[in-house]
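In order of appearance the chains are A, B and C, and numbering begins at 1 in each one.
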Amino acid sequence: MMALAEELYPICRSITGNGVRQTLAILQRHLPLEVNEVPSGTEVLDWVVPREWNIRDAYIARQDGTHIVDFGASNLHLVQYSQPIDMIMPLAQLRPHLHSLPDTPDWIPYRTSYYTENWGFCLTHRQLSSLADELYRVVIDADLSPGHLTYGELVIPGGSKETVLLSCHICHPSLANDNLSGIAVATMLAHHVESLRPRYTYRLLFIPGTIGSLTWLARNEDKVDSITHGLVLSCLGDAGCMTYKQSRRGNAAIDQIVAHVLRHDDVAHRIRPFIPYGYDERQYCSPGFDLPVGCLMRTPNGEYPEYHSSADNLSLLRPECLGHSLGVLRRIVAVIEGNEVYRSRNPKGEPQLGRRGLYATMGGQRAASYDQVALLWVLNLADGRHSLLDTAERAGVPFAAIRAAADALLATNLLEPATVQPCASSKDP
Amino acid sequence: MMALAEELYPICRSITGNGVRQTLAILQRHLPLEVNEVPSGTEVLDWVVPREWNIRDAYIARQDGTHIVDFGASNLHLVQYSQPIDMIMPLAQLRPHLHSLPDTPDWIPYRTSYYTENWGFCLTHRQLSSLADELYRVVIDADLSPGHLTYGELVIPGGSKETVLLSCHICHPSLANDNLSGIAVATMLAHHVESLRPRYTYRLLFIPGTIGSLTWLARNEDKVDSITHGLVLSCLGDAGCMTYKQSRRGNAAIDQIVAHVLRHDDVAHRIRPFIPYGYDERQYCSPGFDLPVGCLMRTPNGEYPEYHSSADNLSLLRPECLGHSLGVLRRIVAVIEGNEVYRSRNPKGEPQLGRRGLYATMGGQRAASYDQVALLWVLNLADGRHSLLDTAERAGVPFAAIRAAADALLATNLLEPATVQPCASSKDP
Amino acid sequence: MMALAEELYPICRSITGNGVRQTLAILQRHLPLEVNEVPSGTEVLDWVVPREWNIRDAYIARQDGTHIVDFGASNLHLVQYSQPIDMIMPLAQLRPHLHSLPDTPDWIPYRTSYYTENWGFCLTHRQLSSLADELYRVVIDADLSPGHLTYGELVIPGGSKETVLLSCHICHPSLANDNLSGIAVATMLAHHVESLRPRYTYRLLFIPGTIGSLTWLARNEDKVDSITHGLVLSCLGDAGCMTYKQSRRGNAAIDQIVAHVLRHDDVAHRIRPFIPYGYDERQYCSPGFDLPVGCLMRTPNGEYPEYHSSADNLSLLRPECLGHSLGVLRRIVAVIEGNEVYRSRNPKGEPQLGRRGLYATMGGQRAASYDQVALLWVLNLADGRHSLLDTAERAGVPFAAIRAAADALLATNLLEPATVQPCASSKDP
């Protein structure tokens, strides 16, 4: 995953433009992504797809021609969606267009102005402070003109039309944790899911933030109802502990599933309630959709110092953390896939497990083994009203133990599927 | 409010009689109170309006004529509803009719005997202990005869028939915190409500405790169903922290509202569950009515040492505490009035706030501003199922911030009223 | 209760056989038990009543005839349901059939092999370690042949068909706390219940564990629906604190009742959620029955060191603990019997208690007395939706205080029974 992040890092992505296309082309070497192009001006819900922005060069130069700020050095130097300009101006006129971070004077901030006509440069506060009161030439050689919004989509079909949505934003330029980490983890997760021949259909979106999810939602309203679980993936490579931000519902199956997996993970984690600020879950969880979509991160947006600055670079990513994030997601997928509802074929009294080779033959021991208790829990709650995850939660054991017990009971014909409805807890209370 | 309390303090009020009339006449200089007179003997629910009690003079005198206890010195000296008497008796015969507070030997207790024929005097324990074993003349020059029960009522009409009930007891003689404080705060609150041109109708009751609320309920059963919120006001002038005693329902809109206002107040407070002992909420919350009426106090009845004694005098009242109590009540009224339910006109995805001048134009900042998050919360929960107070609670911000955000969204036509039902949470679960 | 335990202690009980018959015959001297005999081979739910096992003698002897392990010394020496054998074998062949407890080398374990054909001996680890590598004669003189499963049943009829099930297992040989304690306490409790002329029907089962409850359930499916409360009684004589294991429902009336009684008991206690491992509650709470049956114990199965070993002998029982357990059960029965639902005849406002001699006549005291507050609570919640136990819980006082208040109010005709349904909280949520 580090290699993929390193390859994608230098590209200047934005919410539209060739950087996005380049990024998706690289991802297509790993995944059979479908790339969609939506024309500028297309109405998407309350919004309109903006003009496409492509940048060739940008700099601020002294009168002697020395470039003091140069897009070539870092694509963060330019405020995204800056309009073309080529002007000579005094510092006083330039100053309102310059952005820096006084508290971290060696970092370049990341700024955007997608929907307001503007231009600007971002630079270290040290650079900014050193600017003399002279004339500067300001050059932004950019196109901001009708084009397309580009996004990638991958559908991994499953036994059911019910769909797990996995969404990550691809609109950030050279920022590593936010969100090359999410892109890299999603790519590897897609490989894993394909290998599973899954029960659910999986839909992966590689989209520009906000306008991308709005565009996808506007074009796919008919598919929205089939989304039974969803996760936005971002900031998955830093050293912080895992953070799960719940869906708006707070009690959706995905909320129960992720909390369970994290609770049974070895390391600390955070569960946070939904707030309507963050990534594309804002759109998926808007009241007209209210999809069961949470957001999985390590350190959340805005909470690590390097966030939205040049310090969110490749050195912030830790391979073992990317790996751990992927591992958590694989376990989440395992629960999504395995979380079925069964009914006991012998609901009155316990069935005689010993006769079926499922029980210790010598009685009188102090306590039943872990495995035998798991069998008893599955049988006891196999009433068509408890999912296996409900059972694991009530038993206080990892889902995998309950799934294994259910498999043993299925093999001896003691269980039957209860309904086609996969998750008893996926409905609003 | 201190001036009003000072003016009312010397009057000898009881559950009936001229002290109540005098009190209401003074209040009528401030408010257009309607004064009601209900004849003795009127059946009110399980009770009967008692005879009217008026007292001219009362004393205990030595044989030499010296008054050792004199009603003129403090109207607490006489047990309320004492029957007329003029007798000479030895200490042994008098003693069972004398009441004192051994633990606070300089305070005179407050005692009543409304519904049992009796007479008695209250005096300091120091006085009581000094009484010699001699003959005493006991004089109570009182009338206890058919008359009326008197109470005051003020209706401030609002846009809706739905009514906020505000009730305070006016039956205590010279006791300041219990309940001249409540009377004074209610009077000022009524002025404030009148100035609001309120959405709800407000009904203020100035009534004798227990028999007054029973009488009002008996005479107004047809109005009971329109009461959607209510508060009993008492003990609002001492230095203790605010205490809210919940309605019997415990989850009525008023319970949510008061808890919210107190939680976002600067100072400590207490929320207590309903108990069927206290003030007139006992009657409003009896099972046959079960009205959504809580009780707002500072230090509750029985919990401050001066309670029901001569030490509950004007020096116990603090002007800044009366003012704080009034401020809390004004904020409660603001929530009652402003707690509407809206529906987003753009429920699918977020509406584009920037286009409407409601969003920062420069993106990429670490965090959204407080105001912008409030806008997002209102939009996210504007689904016709969440009141603005529900939204404030979930967002963890004061109601006023959410109300302001809703107003901004209404001004840009992004919201519409959801239903005529004002409070989603005002119903029993 | 100690005398009964002492009398029963030496008998070699198992899940079938003459030890059970002998035990029930002794109990019949105390209670009019009905003894049931169910033939081997009878199908009971998923199980089959096994052959009957009776043991005459068993020993392991050296070649010189010395008995080194002898059933006559302790009936724990033999693995229950061991098949007949008379063989000479070397230690290597004998060894897999010997069971000991290495951590407590002077205790004999208790082992069973009801449903797998096997034989074995249990001995102290000290004995086992001292066995020389020589030839041993192994003799088990037992019958394992078609016969009957035997259990005792006592019905104490009440005013209603609604039934309280009390169940204890009688299949353990010389183990005192598990479960002579439960048998003794149940016997005394039955006497107490008979003396009450109870409102509910009580059904006591003295049954072999697992197969006994399965057999009873299979033969009495028509009676299952009338069970409104139930307790399994076991391990009630040790010095540990009371432990209540909730029913599978977790919120059944019995769960509320036992928790209330224990909370208002003087000493510490434990409330545990249901788990599908333990005693016969496993069968009563299987999903096809899901009866409101909890389990009352002192130290639970498996949690005291002497459990299922020769150290669970009469010295583990404390008379005062047996007595305390019985006292708790009597209070539980008192709540079951007294937990009615009333409706106030004067629901609008408080009725005038003073007129009926139920209220202090002198007003103005700092606080109402405990008894008066209990009266007010009963009246306030007498709305046909709260049981007296709900009222006690909300008031935070022991059930007995609320029951006494209700009796006083019934005596003055202020209450009436609400419905025939005894416990508002006995239904699933």
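Here are some notes:
What we mean here is this: a residue touches a chain if its C-beta (ideal position, glycine included) is under 8 Å from a C-beta of that chain, and two chains touch if they have at least 3 such contacts.
Keep in mind that what you see is a predicted model, and the values were worked out from it rather than measured.
Taken as a contact graph, the chains are fully connected, with every chain touching every other chain. Although subunit A and subunit B carry the same sequence, what matters here is overlap: shared residue numbers make up under half of all numbers found at their interface.
With centres taken as mean Cα positions, subunit B sits 53 Å from subunit A. Among the residues of subunit A, none is in touch with two or more other chains. Note for the complex: subunit A touches subunit B at residues 44-47, 79-80, 99, 109-116, 118, 210, 213-214, 217-218, 221, 248, 273, 275-277, 282-283, 285-290, 302, 307-308.
Across the interface of their complex, subunit C is touched by residues 344, 346-352, 354-355, 361-368, 372-373, 376-377, 379-383, 394-395 of subunit A.
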